[in-house]
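The structures come next, written out as structure tokens.
You will see two complexes here that share chain A, one where it goes with chain B and one where it goes with chain C.
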Partner chain A sequence: MPLQQTIKYEADRDPHFADWIQSVAGGENLRQCIQCGLCSATCPLSLYMDYTPRRLINLAREGFKKEVLSSFTIWLCASCYACRAECPKQIKVTDIMYTLKRRAIQENAFPKRFPIPVLAREFGKMVFTFGRVNETLLVIDLFLRTNWLRFLSMTGLGLNLMRTGRMSFLPESIKRREELRKILGSLEGKDEFLTWAGPVAKLLDEKEMLK
Partner chain B sequence: MRIGFYICHCGTNIAGTIDAAAVRDFAAELPGVAVSRDYKYMCSDPGQEMIVQDIRDNKLDRLVVAACSPSLHEETFRKAAAKGGMNSFFFQMVNIREHNAWVHEDKAAATQKAKDQVRAAITRVRFHKALEKKSVPVNANVLVVGGGIAGIHAALTLANAGKTVTLVERDSTIGGHMALFDKTFPTLDCAACILTPKMSAVKNHPNITLWTYSEVSKVEGYVGNYKVTVKRKTRYIKEDLCVGCLDCIEACVFKEPKFRDDFNQGLSKRKPVYMSFPQATPKLVTIDPETCIQLKTGKCRKSCAEACDRKAIDFELKDEMKELEVGAIILATGFSAFDPKRHAYYGYGRYPNVYSALEVERLVNASGPTNGEVVLRDGKHPKAIGIIHCVGSRDEHTNKWCSRVCCMYSLKLAHLLKEHTGAEIYDFYIDMRTPGKTYEEFYDRLLQEGVHFIRGRVAEVNDWAMTPEEEGKLVIRVEDTLAGFVRRIPVDMVVLSQGLEARKDAGDVRRLFNIGCGTEGFFQERHPKLAPVSTFADGIFIAGACQGPKDIPDTVAQAGAAAAEALALVDAGHVELEPNTSHVVEEECCGCKSCVPLCPYSAISFDEAKKKASINEVLCKGCGVCAAACPSGSIRQNLFEDEELFGEIEGVLS
Partner chain C sequence: MKYLYYPGCSLKGSGKAYEESLLAVFRALGVPLAELDDWNCCGATAYMSVEETKSYALAARNLAIAEREGLDVIAPCSACYLVLNKTQHALQENAGIRSRVSGALGAAGLSYQGHVRVRHPLDVLINDIGLDAVKKKIVNPLKGRRFAPYYGCQLVRPYSTFDDPVNPVTMDKLVAAAGAECVEYPLKTRCCGGSLTGTVPEVGQRLSYILIKEAMKRKAEAIVTVCPLCQFNLDGYQDQISSRFSEVRLPIVYFTQVLGLAMGLPSGQLGIHRGIIDAGAVLTAR
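Moving on to the complex of A and B:
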């Protein structure tokens, strides 16, 4: 394995990253972290994380955006809220994880072929497009984007589920999808939603606007 | 002879290792023992009452208690003996806890050792003589040495209690380190605003004599009766005439200030005639003999003297020696800041934009050399500043201890620098130590202000650029131990948070006042918990950072405590002294003077007329050096007379 340089220079930092996290709801207390590590110790998933929650908070606060957004940590967070409940400085760690997840999808910075962020993105796209999730399409989409060999091994199970009517190929959609988009559009950070929902939703949105 | 013997269980402290009943029964059989008892806690009221009752009922005339260390309860049992009607010094204590139970595991052997110890004491106590404590009168005046915030507070407290106080300060003004500061943590009170009222209160207090530019040169005497010689250096100014108008400074033949201004940490220049800062107390100018042309060569126009319409300048003035008599002394001589040059890898003295924390205190100070504007030595305004903690602290190469105030003052400087410059601030710490009321909250505030806190000891500050952004900057190399990698951080200004250490001449001061120092050089308190402002020299107290690094609130609290201890001493009017002193049996003294230089308390003098040594029993601390050294055996020490010691040896060996 080639040796990698691990030193960080100031140019490796995004000096506005911490300010941005603090500007998003839930991130206000980011800088109050005293690095006690209780979040990491209480986290049931930290044993699988590349950066523990404590270290991730420190990296985020110091502006190491690339490291934070490409980490597995934010995707392994199961939103159990144990860290948020116990943090002595009342930092909303879970909320910050969500903020970072959204940003990672926006910037396409998440670890490639890692199923959790891909699922999150595709799930969102589908809901914002159709108002419903079609499990068959979502599952196929997910496997093809991450691990298509696994798709082959799961075919039997999929067919059984379809045979018993648990999954369907028929696309489902809600009525009056434009109303859903209006609701979503009125949310804060509409632009963010558009990027988040992906190009399909954006296309639909533009079509609506053209009408 | 009717001896009463008591063995204490001390809960299980003693009884867990030593068979108390066996020792009791053993002692009961020894010759002369009339009463032998064991009890769970001899120091308790019922325990003491048992002794008192036995002395009365059984007409005991000697008392032996086997329990803990005499330093804890000797006085307790002496009092019990006295209450029963026995001379307190017919009592001997045996330490079977620290000297036995706590250090042994073999119960049988420990019990045997306890029996030997007890037999030694019982054999010795027969030879005890009736002794009385001596009472000596106490002078009610107090000397305070050092005019920093500790000395100021102690002097004011005593003066307010009606005592006559002399405050001696080496510098030309009182105020100490606190006068250098702009703000104080964590409340950010203006240091001058809270200090200068106390300074002028000292100056104006009818009970305080303020001697600045003065040093204690000799201390003689003993508790309650010290005779102190103070050298009053001359300022070449008639102090009663000078009003501090500063016309002389204006008129000095040096048109521009040319010499290092110590008060501003060398960030500005001063003339040979100077006043440290506008609120200097007393408000007097001083002429520096090292730089004044008249004082160095005698060939100056003396334009300063001409300019003084009160004719206050006199180059013929000489230093004066003054004598004082005081009952108690409070030492508040403060600390030295660590010289950051000793950490060569931080570049202090090599890179102009590396500053010591004290320099930055002056730099951010509205009355400092730049009126509070943070301008670097190269004239630039910093955009990024690195503050490095623990410079000269927690390091086996320099000072091992934590200097206790650096974290907090670094946070304060981080806040002030951010406020003054808007720069990006990087704070490099090993551990963030904020243990004080509202201190952690202050750290919290700094975290919110967006200061970068990087945990790691900085390895190096240099100016070798490795990336374009590092060009022309000072680069700090540190492992960010929280992020888990090494970082290089380019900054415009580096602040080195110097630790606190004992003053260079603390050893001389220690010898002058005959007190102790720890290995790190700070003055040694009598007990770290229970006698924190007392020293091993009775009547000499310590306050402030001369005892160890501490912040202003702790210093003031300690100064108040020292004042209270001094007050308790001088207000009592007299003091009782232990009778375990030595005396010379004159007819046996051969006049060899061996003992005279050995006495660590200078208690022995030589009577040239009689050719005999004589011991001042008030000065004697009972160390026994003279008694052991005397070749003719003519020095005897109370409680350690030959027959007592031989009795003890015989008892332990038989």
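Moving on to the complex of A and C:
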């Protein structure tokens, strides 16, 4: 059996990672954590996470950047803010999760073909393109990108939504798209997040859509 | 009393019944709601995972448009309520975000001074209109019905100022005013699973399952919600939840539908027919 290093050397850690988290809005109190575990206890998703919120916070502040950014934990956080409400040190755990999600997307470190980061990206593109989100198109697009079989398992739900008039196949759009584009375009960010052009977008008339 | 109404994307899509019933109830109470001009998506939880400043700027465009009208904004969707209030806090507390966002708004000729108040219809009904005014309009009390009041997460945490983050009661009061009984429901602020019900169903639907099962165990005849995503998750996935875990069947309604029916409004105006699990039978006096 090949030997594996199971404990990190000081040099394996990223010493600036915690400083960086603290420099982003919401991360200020990261180093105040007393590891009490109230966040993990109150989190309805901690039992599915590879690192519970308490462990994730500890890993993050000790500079275990790779483990943190490639974890499922940050993507399983549903933003219910229970941890933040319970934290005796007022650590904004949910906001730290967001900071880590953004970094994981930037560094392409998120678990591949895991649908949540894909959803976040496609959502962003749709908002930039139309100013509003059409849930039906977003969800169809997501399943075409990540999991065809799951798409088929959703037919029952789709039919129910159609029956009750809760589904729409036309993109919703604001009137002053140019105004929104000036706002978002004036801020730095990756260009690839700017236009929605998924498999579903290709089926629609792109010229009409991007007018 | 006049308000701006910020529907958000869900109330124009899968949450239509929430828009229909909210507008009908406010109309019947004589409180006008004017839809915010050319509003855009708040960004919800997804956009914040991709871009930080852009997500604040996206939400701030709505606030800038609202500020021109000088009225409070009503945001019925919990995600919209949270994001718009979160943006207010970020703009107030963080000078860097404030200056980047105001620069971005300026690029489109907009500005925002921070004067808008973003409210939830529960807050407005209880604190502005008042429980007494609501009670006066009740003509069909839903006597003998037992409902589980479910608030979910993002309405009460972390920015709500009008109710408790762990044990909120404003909706309980309105359901009681409508003549129904609220069952003891300790899970009232536990997460429904959010978007995980679709993306990681074995995990997300488990959270929805727990909420429905516990409400049924407490002999609730429906769960009453304040959020389009909670309603969608709890109502839409019951077939999948039943085959994945164990059989559940429970109508999931908006608090505005409960109020509307008790106020004698026709069910057609309240989107009752949009429930995937039929709710008509439990929304009358027993």
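Everything that follows uses one rule, which is that the second predicted complex is superposed on the first by the 158 of 211 C-alpha atoms of A that agree within 3 Å, B and C clash if a C-alpha of one lies under 4 Å from a C-alpha of the other, contacts with A are read in each partner's own complex, and residues count from 1 in each chain.
Here, a contact is a pair of C-beta atoms (placed from the backbone, for glycine too) under 8 Å apart; a residue touches a chain by one contact, two chains touch by 3 or more.
Note that the structure is a prediction, hence the values are computed from the model and not measured.
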Which of chain B and chain C A:9 touches, first, second, both or neither: first
Which of chain B and chain C A:32 touches, first, second, both or neither: first
Partner chain(s) touched by A:18 [first = chain B, second = chain C, both, neither]: first
Chain B versus chain C as contact partner of A:90, first or second or both or neither: neither
Chain B versus chain C as contact partner of A:64, first or second or both or neither: first
Touching partner for A:115 - first (chain B), second (chain C), both, neither: second
Chain B or chain C, by number of chain A residues touched: C
Partner chain(s) touched by A:166 [first = chain B, second = chain C, both, neither]: second
Doubly contacted residues of chain A, that is, touched by chain B and again by chain C: none
Chain B partner contacts - residues on chain A that touch it in the complex: 6-11, 15, 18-19, 31-35, 51, 54-55, 58-59, 62, 64, 89
Touching residues on chain A, where the partner in the complex is chain C: 24-25, 44-45, 48, 76, 78-82, 84-85, 98-99, 101-102, 105, 115-117, 119-121, 123-124, 127, 131-136, 139, 142, 150, 153-154, 156-157, 160-161, 163-168, 172, 174-176, 179-180, 182-189, 193
Parts of chain C lying in touch with chain A, wherever the complex brings them together: 9-10, 12-17, 38-41, 43-54, 57-58, 61, 90, 94, 96-97, 100, 103-105, 107-110, 153-154, 157-158, 165-166, 189-191, 193-196, 198-201, 203-204, 207, 236-237, 239-240, 273-276
Complex interface listing, chain B residues touching chain A: 424, 432, 443-444, 447-448, 450, 452, 454-455, 466-467, 469-470, 480, 482-490
